[in-house]
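Beneath this line is the structure, given in structure tokens, with notes to follow.
For reference, chains read A, B, C and D in written order, and residue numbers begin at 1 within each chain.
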Amino acid sequence: MFTQQLVNGITEGSLFALIAISFSLVWGLLKLVNFAMGEIYMFGAYAGWIVVSYITPNLFLALLAGFAVGWGLGWIVEKVAFKALRGVPHIASLVCTIGFSFLFKEIAAAIFGAQTKAMPSFYSSTALVVAGANVSWLQIFMVALAAAMMLLLQLLFYGTKIGLGVRAVALDYRTAGLMGIKVDRVTSIAFSLSGALAAFVGVLAAIYYNAINPYMGFVPGIKGFTAAVFGGITSIPGAILGGYLLGIIENMSVQFVSSGYKDFVSYLLLIVFLLFRPNGILGKKAKL
Amino acid sequence: MISISRKYRLVLQLCVGLLLIALPYLLGNQYFVRIATMIGIYVVLASSLNLIIGFTGMYSLGHGAFYGIGAYASAILSLSLHWPFWVTMPLAGLFTAMVGAFLGLATLRLRQTFLVFGTLAFGEIVRILIMNWNSLTRGPMGIPGIPVPSLFGFSFKNFSNYYYLVLVFAALVVFLIARLYRSRVGRAWVAIREDEVAASTMGVPVFGYKVLAFTISCLFTGLAGAFYGHFVRYISADQFGMNESFLILTMVALGGTGSIIGPVIGAVILMLIPELFRFLAQYRSVLYGAILILVIVVKPEGLAGVKGLFVPPSGTARFHFRKQKIDSAAEGQAGGGAA
Amino acid sequence: MQNRMIALLSAVLVLVGGASLWAAGGTDNTIHIALTAPLTGDYAEYGVNFQRSVQMGIDEINAQGGVLGKKYVLSVGDSRGDPKESVSLAQKWTSDPSIVAEIGDFTSSCCLASQPIYDAAGMVQLSPTASATTFTPGSVWSFSIVGTQAYEQPFMADLAFNKLKIKRMAILFINNDWGMDTQKFFKENFEKIGGKIVAVESFFQGEKDFNAVLTKLKESKPDALYMATMYNDGALISLQRQKMGWDIPVLGPSSLYSTELTKLGGSSVNGLYTNVSFFAKDTDPRVQAYVTGFQKRFGATPNFHAALAYDAIYILTEAIRRAGSTDKQAIRDALAGIKGFQGLTGTITFTPNRDAIKGYKAVQVVNGDFKLLK
Amino acid sequence: MILEIRDLEKRFGGLVAVNKVSLSVAEGTTHAIIGPNGAGKTTLFNNISSIIPADSGQVVWRGERIERLPPQKVSAKGISRTFQNIRLFGYMSVFDNVLTGTHNQYKSFVWAAVSHNARYRREDKEGRAFVMDILEKVGLVDKREEYARNLSYGEQRKLEIARALAARPQLLLLDEPAAGMNTAETEEFDRFIRELRREGLTLLLIEHDMKLVMSLADKITVLDYGSKIAEGTAAEIQNDERVIEAYLGKRRV
């Protein structure tokens, strides 16, 4: 049972880890939280759902559609909540993203209806059995995909010009601007990327859980955020570690504490961590 | 600030006061009186959160939980020990303040930005505790039948009566907060908001005053919870979740941080919008989100807030994480720079 | 700045005051009733079904000439599943002199929160679905037609223990007022007749990952799993259970009865036992008329909750007809006196506590379809 | 001696910002600290005012060690300061900025603030009168309702000193008070400082304007790379080899 819970935790953890990266990206650049992240995730799931149920039952196309929709929504949120509000109090941007969270949820409910919709499953057959724990192809695929995504991001940040720009802006906004980096463009791209990532995870989650509805984003949004803080919100490896740890801790606390207290355990751990390691497990100074 | 002449202001306050007193008669309808009462409770909530956000420059995303602690404390005391509202209400406030003080002592040394996460997690912990602690809180079943307060045989069951009760309470809280704001204590808070290091060299014990602000804010929030519980007479955990924290935060931001009247306006508007647009049925929530975004984009400082507050003159507020080496080291030592 | 704001504030208040003036009214040949339902938020899909069914019933009754020669006018309010909103709506309805009765809300906590308002104002609060045992005893104005879990769960316990010969049961319930009640009554009754509950676990509204709880429940080696959940969560749980390779009989209360369960759950819900008091495949012509009418108009098959709302408007109509007037007290008394009302969800007779005892029929999902159990 | 610093040391990572510096300030004198940029002058001030505690060494105030006290306690002892990069309370009125400076002198707390009791009224009246006196002295009376951030640079410098004076300090630490001032302003500032000195205030001053330093300082300490390289009167310092070296670079022999 322990191994089964570990497998469950790691699978759930890959979802958390990817959302955590989204939060981490925005935080690193703007020191801000996008509370509409969960809703972008939800719209991604709907985009994937439209593709597989109306166009073609192709998993990769669905993921791509989610990515694209998330990119667009991230771009919109950035333009309104952050760019238009540059140089104004933090709290304004924060409240603006809360407004977006409301708006997205209810727009989705108005367009698609509030009913939970079925999402077909892919690769759900058992791939292997490890110490009595079933592991499905989808679970392997998810973990692999999460790993690939993280690798890709590292490559992006450390191997490309735009990545260099993102790191520079994260380090020092003003100096980066003086050095000729197009700060607005870099922020916009990073923000859209974070949205795209969240929506991408939305599609994955929809396939994993086989269901979508307009209010599905709230819990993963909060969990992703928690994971990001857990691992160190200023660092992407930290966010990933936080995601997996949170997934494993939650599943283990169901097993060894009680299902009613699983969130309690993770939030308590979060507070304790904040007290003794305010920058998270891997977080140091602004490092991406 | 644009200052109005004292005389003019007094006349205005008198007019508003009279209007508020005459309100139940003007409105006639119990539905509107109820909304007015709820607005009163939210005026308290928003004003006390403003004490933290607007005056002292800290964050709290856990105020929904403090609100719930107050409501539950008063409800449980009055139902299990049959104490009157006039005893349970202040006790609930004190208890909430105590919890707030403990949380403050634990987390206020953290960098301000981490306070956001700390309070958010705390809010969730409280909600989960309420949901699971069946023997005390009846868990998800909620607590029905909370008694209506009465005073010397005079019952507040009638909404108009309760309205006056809440009116007195809200007016008192706003008055107290205004007095604190204009006192030595309030100046210390604003000094902390503006520059912690400078405040400490001017003799302000930064940490102590932060905890004080947090505690007082929680006291008022807990009291508001008690007033709420005895008003609706049924409370359940889902009434005090994260959405509630967000709602209160939104009221402060929309009305205007750092001013006395701002949160009041925010509470009035955000309570009225959903009622005014009821005829839109499911599209009402879409509109709510849209209005929120629009107002914030047009007036980021809030409707009655101080323009540009929290933004250093250079205008690169949120990007000033790395100033001079000595500077950031100083901030680190003194417990964090501006968020 | 400040004075402008205060002026604005007073203007708004005056506006609200003015608005109250035109809110009154209601002419002689209409009957105004109100519906409170969560049209947005977590419970929106149930609330929307409420609205559809009640609107459908009203349109039918109006088409037949209305009741007492008067036509219905329906006011709908969105409570978002938030008790505060529900209370606010209750206040709105009771403050409107033209409204004579209210149908709603969906969740028990919303109903409980608004109960004092209806009680104080003296207006019928007829909830199709509120099943908390504390609800209807709380006020003589409160009615519920779903039948509380105190009646339904003994039936399910009997089905499980005596008919299906299940000795060891694991329970998974949604941690809200309804789920708490459901699991409590099932547990009590199942243990009373000799069964053993080997594990009880819960989850919160909005959670999508049940792998951990299922893994833990599996460990307790039960004969069957009892899901005290709504159909959408039930479908998700079944899917994840199937993927885990945990093959076990599954039972659950009537909230699982919905064509959506089989649509969402696919093959994973095959073999699931539940009970119905409303059955869409019922040969009763009234049920068929309702189901086809609903399908034609909204493109969906009505579920148990939708049918309950439909029954609510008809039983209210019956009460108004018997009362012979739209006096609120008369309507309440007539409603309380209704016995043996033939609804789509079975025969409804109000107990002295104003909740309903229903007849229950066991059903099983066979090849993606609900079949009555012999 | 009003203030004695003994072997104070502060490191940032590998950088030794203050390297075993000792100096003493006599009561009623004006003591200047000079040195090239990055010599550790501001860090020394931060150590004294406890914003950044020193790693080792002692800060002795009238015979009492204060290096472990928090900044507000140091302030309460009678040490007040200004900052190199002006740190005013931007969104506070000029008047309130100075009034905040009086924080330590009064005891009004929450109860007094909300009840407006006798003590509050007395302290409030007293404090406001005192602040008006100070504002008059620095010439900011007309600007008292303005937000501090809306003042000109020179006015902000004055306001910062006014705020520091509101704490009724016995020792005032001034960190480059004349930076960015033009000649006329500097002269006015010179007069202002002399007046403070006449009132018996002890001053410790970091300044780059040598003319000002030479005219004001009774004693000058020179820091370079965190270490004290010279100390003495204006005349002594002007002729000190090592000082000239530090400022102009090593002279070829």
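Quick notes on this structure:
Here is the rule we use: a residue touches a chain if its C-beta (ideal position, glycine included) is under 8 Å from a C-beta of that chain, and two chains touch if they have at least 3 such contacts.
Because the structure is predicted, anything quoted here is derived from the model rather than measured.
Of the two chain pairs shown, A-C and B-C, the one joined by more C-beta contacts is B-C.
Of all chains, the one whose CA centroid is most distant from that of subunit D is C. Among the chains, the centre nearest to the mean of all shown protein C-alpha atoms is found for B.
As a whole-number value, the distance joining the C-alpha centres of subunit B and subunit C reads 35 Å. Remark: subunit B and subunit D have CA centroids separated by 39 Å (rounded to whole angstrom).
If each chain is reduced to the centroid of its CA atoms, subunit A and subunit D end up 49 Å from each other. Counting partner chains per residue, subunit A has residues 106, 109, 258, 260, 263 touching two or more of them.
Shared contact sites, meaning residues of subunit B that touch two or more other chains, fall at 1, 131-132, 282, 285, 309.
Counting partner chains per residue, subunit C shows two or more touched chains at residues 40-41, 44, 48, 175, 204.
Every pair of chains that touch is listed here: A-B, A-C, B-C, B-D. Against subunit A, the residues of subunit C that register as touching in their complex are 40-42, 44-45, 47-48, 175, 201-204, 206-209, 211-213, 215-216, 218-219, 232, 235-236, 239-240, 243-245, 260, 263-264, 266, 300.
Only residues 53, 59, 106-107, 110-111, 113-114, 116-118, 120-122, 124-125, 128-129, 131-132, 242, 246, 249-250, 252-254, 257, 282-283, 285-286, 288-290, 292-293, 296-297, 300-302, 308-311, 315-322, 339 of subunit B touch subunit A when the two sit together in their complex.
On the side of subunit B, the complex with subunit C involves touching residues 1-2, 4, 8-9, 12, 15-16, 19, 23, 26-32, 34-35, 38, 131-132, 139-142, 144-145, 157, 159, 232-234, 236, 238-239, 261, 264-265, 268-269, 272, 274-275, 278, 281-282, 284-285, 303-304.
Contacts from subunit B toward subunit D in the complex involve residues 1, 3, 176, 179-180, 183-188, 190-191, 193-195, 197-206, 212, 216, 258, 306, 309, 312-313, 324-327, 329-330, 333-334. The part of subunit A that touches subunit B in the complex is made up of residues 30-33, 35, 80-81, 84-92, 94-96, 98-107, 109-110, 171-174, 222, 225-226, 229, 258, 260-261, 263-264, 267-268, 270-271, 274-275, 278, 286.
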